[in-house]
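In the two complexes that follow, chain A is the common piece, with chain B as its partner first and chain C second.
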Partner chain A sequence: MKVSFPYMGTTVIYKKLLELLGHEVIEPPVPSQRTIDLGVKNSPEFACYPLKIILGSYIEAIELGATTLVTSGGHGPCRAGFYGETHSRILKNMGYDIDLIVFDAYKRDIMGTIKNVRKIMNGNSLFYLWETLRIVYLMAKSMDKMEKKIQKLRAYEVCYGDCNRAWEKVQKVFNDIKNIEDVKKAKIKSKSILDDIKVIKIPEPEKIRVGIVGEIYVVMEKSINLKIEEILGNMGAEVERSQYISEWIDYNLLPIWISKPHELEILKKGEKYIKEIIGGHAKQTVGHIVDYAERGFDGVVHLMPFACLPELVSQSIIPAITNEYNIPVITLPIDEQTGLANVQTRIEAFLDLIKNKKRIRIA
Partner chain B sequence: MIGVFLGIDIGSVSTNLVAIDNENNILSSLYLRTNGQPVEASRIGLRKLYKEFNGDIEILGVGTTGSGRQLTGIMVGADVIKNEITAHATATITYAPETRTIFEIGGQDSKIIILKDGMVTDFAMNTVCAAGTGSFLEHQSERLGIPIEKFGDMALTAERNVRIAGRCTVFAESDMIAKQQFGFSKAEIINGLCEALVRNYINNLGRGKKLEPPYVFQGGVAANKGIVVAFEKELNHKVIVPENYGVMGAVGSAILAKELIGRSGKTTKFRGFECAELEFTPTSFICDGCDNACEVIKIIMDGKIVAMWGDRCGKWTNSITI
Partner chain C sequence: MKIGIPKALLYYYYYPLWKVLFEELGFEVVTTKNTAKELVNKGIKISVSDICVPIKIFNGHVLELLEQDVDYIFVPRMMNIRKGEYFCPKFMGLPDMVKYSLTDAKDMLLTPNISSNSDDISDVRNYLPMCGILGVSAFKMRSALKKARLSWKEYRSLSTKGYTAKEVLDAMESGIDIKKEPEGGFLNIGLMAYVYNLYDEFISMGIVDRLRERNISIQTFEMFNENVLDNQLKGMKKVLFWTFSNKLLAVGYKFLKDVNIDGIIHITAFGCGPDSLIGKIMELESIDYKKPFMTIRVDEHMGENHLQTRVEAFIDMIYRKKVMSIKEANIV
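Presenting the complex of A and B:
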């Protein structure tokens, strides 16, 4: 059984999980123009952009020999809830004989989850599964911490590209993990990699901090969001995303009383604007904007897949939040278009606006 | 010898060059067609400018803006390479500091800029569709066989109102064709189109924003009187079209260059008018150094590599030392 998974964010984490359970893992390639082309060609035209990219990513993994695909199910009333079903039908119609294992919200379908866990366990003991999950969880936690640091440092790097190279190195270090001890060692090693990045000292009041919010896939996967984090970072802004894999685990997989997820607080902050969970991450989006405003961020970039329904709702609520909290927000729809000029212009103008505003606030 | 600051706005449809003096007086302005060749258009512009002053001109600073700002900026050796929104706002604030709302409609995109106390507080750009921009109007003028210059005047002669769907160019066009069968005149159809365009623009870009006067309307489309009138009708307020409406982006980038040189006290990086004659070739390649497969852009000028970008690790970008 050759296993693969959809490409999103820090994939070393998913790879490690499957690898430690003894599966032969096929790593899907980083989404490229070819991935987009494959996905767009084989998906319904009106489907959301992430569905198309993930499909492209699946096809590329299958071409490399994958026979089983493991993914998490989307939940909520929007189209994301149908991803698993739609993907498996499309792949079947394309003539691929693939086992698509979808982990839906376990609280809803306990029997189905148990069945899926059995498949993934690969004959290992429950104890070993527990150990593996612990390793992977700790790994996700510390990698996210490193990434958050990189997202800050990039704004001040002396030599262009240092942060990107450091992050590649950190991922390689974590790729060699085999047990809990290794996680600790990897943490120390990555810390020293980050410490080696030369940065310019900027006085605290002049620092610019920007949050990125929106639908999880376009927020987390840089190869399809025009590397928005890097664009912002290279223009001198510290960046923080609304989504990190460890936070996703905290909210979706762990019992709430253990993890005390950050996301619950965020949802509370969004409550005022969107009462119901309307699918995707709309409620989180508005909650995060409020959160960033309260934490003194200078601006927010809102990413949405073109025609994403939940994010359209949050987009129309944003002006009210901007008024109330006096925080500038820019919405960028993400689709097949890969031309940078457009986004570069908007982000540049947005940062000019923030800098002007800040100058007033300081003065 | 006249010392000037040069602003170049390389847009999708037009390339504009403006020369200003130390007091922001516009000494010369050129409006050229880009014709899909931003570098070539900038070269022609530079040559024309040089001729206009009979070579008796000294460039003290250069700014570039517009979608081709990066490339042309490298070719001429720009001091400031800035986005169109900041450039437009800078120009308008300089000449009309009390402005609260700028409407800018260009060839391929349209923007709305909200100002307060001479500062940009909010802006929006059309995102997904080019409905309501110059290119669409131009396409319609071709289809109707009326030169774009006469479009506006003709719209003003309309006697009846025609409602045309403005949400999408495809809808608008089929609506126009249908309304032609109903016996409406070309003037009325054009007028309906102008109104639809303004409606679409305000609904789309002005969504959730408070649009307060004074309103300033600039960009190439401001030449169209039909659109100006449609704006005034929709907003129920006078809309100001500045004298140099078509080249405000270039004016703004010239002012930005002037401010930078004034502030930093540096001398300009301008490569001289000779740069218009040098061979200048942008190329790109996919780097195979790692999985990221970055598309790297390489600029060769006069046989020398002058700039590279697009790589994530900095391997190519940092290889250039000037």
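Presenting the complex of A and C:
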């Protein structure tokens, strides 16, 4: 059984999980123009962008020999919850015979979840599964910590690209993990890698901090959001994302009383603007904007796939938040039109405005 | 006191219920005129540009109500009408969207959360939060809802007899019984479209009349009882999350299996998320069932000619197909 998974964010983590359970893992290639083309060609025209990219990356993984695909499902009410069904229909129609294992919310389908877990366990004991999950969880936590640091350092790196190179190294270090001890070692090692990056010293009040909010896939996957973090970082802004994989695990997979997720606080902050959870990350988006405003961020970039249902609701509400909290927000709908120059220009203008605003405030 | 109900979105499915409810409570119910170009333009101005046209039109109707001096505007938050299913996220966030994009209407909104286990949404618990705002007792609300439910039931039973929602609403409004039985035409076409797209003449550009003029009888999802539709989807492993989209898909399957239906037209708004998936499923299924299927996608750019041409071509095709099959049957 050759297993693969959709490409999103730090893929080392999913790869490690499957590898430790003894599967032969086919790592899907980084989404490229070919991935986008494949996905767009075979998806419904008006499906949302992540569906198309994931389909493209599935097809590429199948071409490399994958026979089983593992993914997470959803519980609606946004379209993401129906990806599994749509993907398996399209792939079947294209003539591929693959096994698509979709992990839905376990409350919705307990028997199905147990069946899926047994498939993934690959004959290992429950104790081993638990151990593996612990390793992967700790790994996700520490990798996210490293990534957050990189996102800050990139604004001040002396040599262009130092941070990217460091991040590559960190991923390689974590790739060699085999047990809990290794996680600790990898942590120390990657810390020293980050410490080696040469940075310019900038006085605290002159630092610019920008938050990125929006739909999870376009926020987390840099190859399809036109590397927005790097664009911002290279223009001298510290970046923080609203979504990290470890936070997703905290909120979605662990019992709330154990993980005490940060996301609950965020949801409370969004309560005023969107009363109910309407699917996707709309409520989190508005909550995060409020959160960033309260923490003194200078601006927020709101990313969404074109015609994303929940994010359109949050986009409608953002002007009210901007007025109330006096925080600039720019919304960028992302789709298969990958004109980099357009985004670059808009981000540059946005940062210029932020810098001006800040200068006036300081003076 | 005047209560405004915008003539958009679920107006076309629940107006008889809401109208009787507020009238029984002793309020005057005001609604808006049919959608027109000006109203749409106003709505577009205050909406996010990428959002679907029914929502833009809804905003336009709310603006219209503001001009009519109403005291309250009824914008319910439609949560779910089936267990485990929801409405489209835009419906669930609709009150928030209206509240923050139309600041004038901020304090005039009545936004009860509607959730229920069936299409019948007259459970008193849904409407209790409004009692305090409107100053009516829970008891009065309960008895008003009883009458409202009857009115809605009547509306639904007339719909299932094959009348379009528009005919039924007009009849109920004017108090005249519909005498004319829906005529059977030479061709039967199944229309897959949400009520707010099909019966808003601005969005659908009067497709119902256009088809009937050509001696074609039509069927839509609201002409079937809910359990008939629910039965259609029993074979699916995971149904959609959106109740009305499920209804569309169910009726789509019904049309595919029904030998009397000659063709299916799917009318959808540009950027409609749920429809993007239904459309794909139907596209694939219609090949298996060998049934002509066409999608018409509409938005606020209203060119009537493209609709006319495409519908004509589609109808000519299925007309010829039917004539041929009748001839063949006669020869044999």
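Criterion: the second predicted complex is superposed on the first by the 363 of 363 C-alpha atoms of A that agree within 3 Å, B and C clash if a C-alpha of one lies under 4 Å from a C-alpha of the other, contacts with A are read in each partner's own complex, and residues count from 1 in each chain.
The working rule: contacts are C-beta pairs under 8 Å (C-beta built on N, C-alpha and C of every residue); 3 or more make two chains touch, one makes a residue touch a chain.
Keep in mind that this is a model prediction, so the values were computed, not measured.
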| query | Touch check for A:R89: first (chain B), second (chain C), both, or neither? | reply | second
| said: Going by the contact rule set out at the top, does A:G22 touch chain B (first), chain C (second), both, or neither? | reply: neither
| said: Touch test for A:E276: chain B only (first), chain C only (second), both, or neither? | reply: second
| task | Classify the contacts of A:S316 with the two partner chains as first (chain B alone), second (chain C alone), both, or neither. | result | both
| message | For A:G81 in the superposed arrangement: first (chain B), second (chain C), both or neither? | response | second
| request: For A:F306, select first, second, both or neither according to whether it touches chain B, chain C, the two together, or no partner. | output: both
| said: Going by the contact rule set out at the top, does A:P333 touch chain B (first), chain C (second), both, or neither? | reply: both
| Regarding the shared-chain residue A:K227, is it in contact with chain B (first), chain C (second), both, or neither? | first
| message | On the A-aligned overlay, A:N356 touches which partner chain: chain B = first, chain C = second, or both, or neither? | response | first
| remark: Both partners, chain B and chain C, contact chain A at residues 306, 316, 319-320, 333
| message | Taking the touch rule as given, give the residues of chain A at its contact with chain B in the complex, in rising order. | response | 29-30, 32, 159-162, 164-165, 168, 227, 230, 306, 316, 318-320, 322, 328, 332-333, 335, 341-342, 344-346, 348-350, 352-353, 356-357, 360
| field | chain C residues within the chain A interface of the complex | value | 47-48, 50-52, 77, 79, 84-90, 92-93, 95-97, 100-101, 103, 113, 237-238, 240-242, 270-277, 279-281, 284
| query | Where on chain A is chain C touching in the complex? | reply | 43-48, 75-79, 81-82, 84-86, 89-90, 93, 104, 108, 273-276, 278-280, 282, 306-310, 312-317, 319-320, 333
| remark: In the complex, the residues of chain B that touch chain A are 67, 82-86, 109, 119-123, 125, 127-128, 207-209, 290-293, 311-315, 317-318
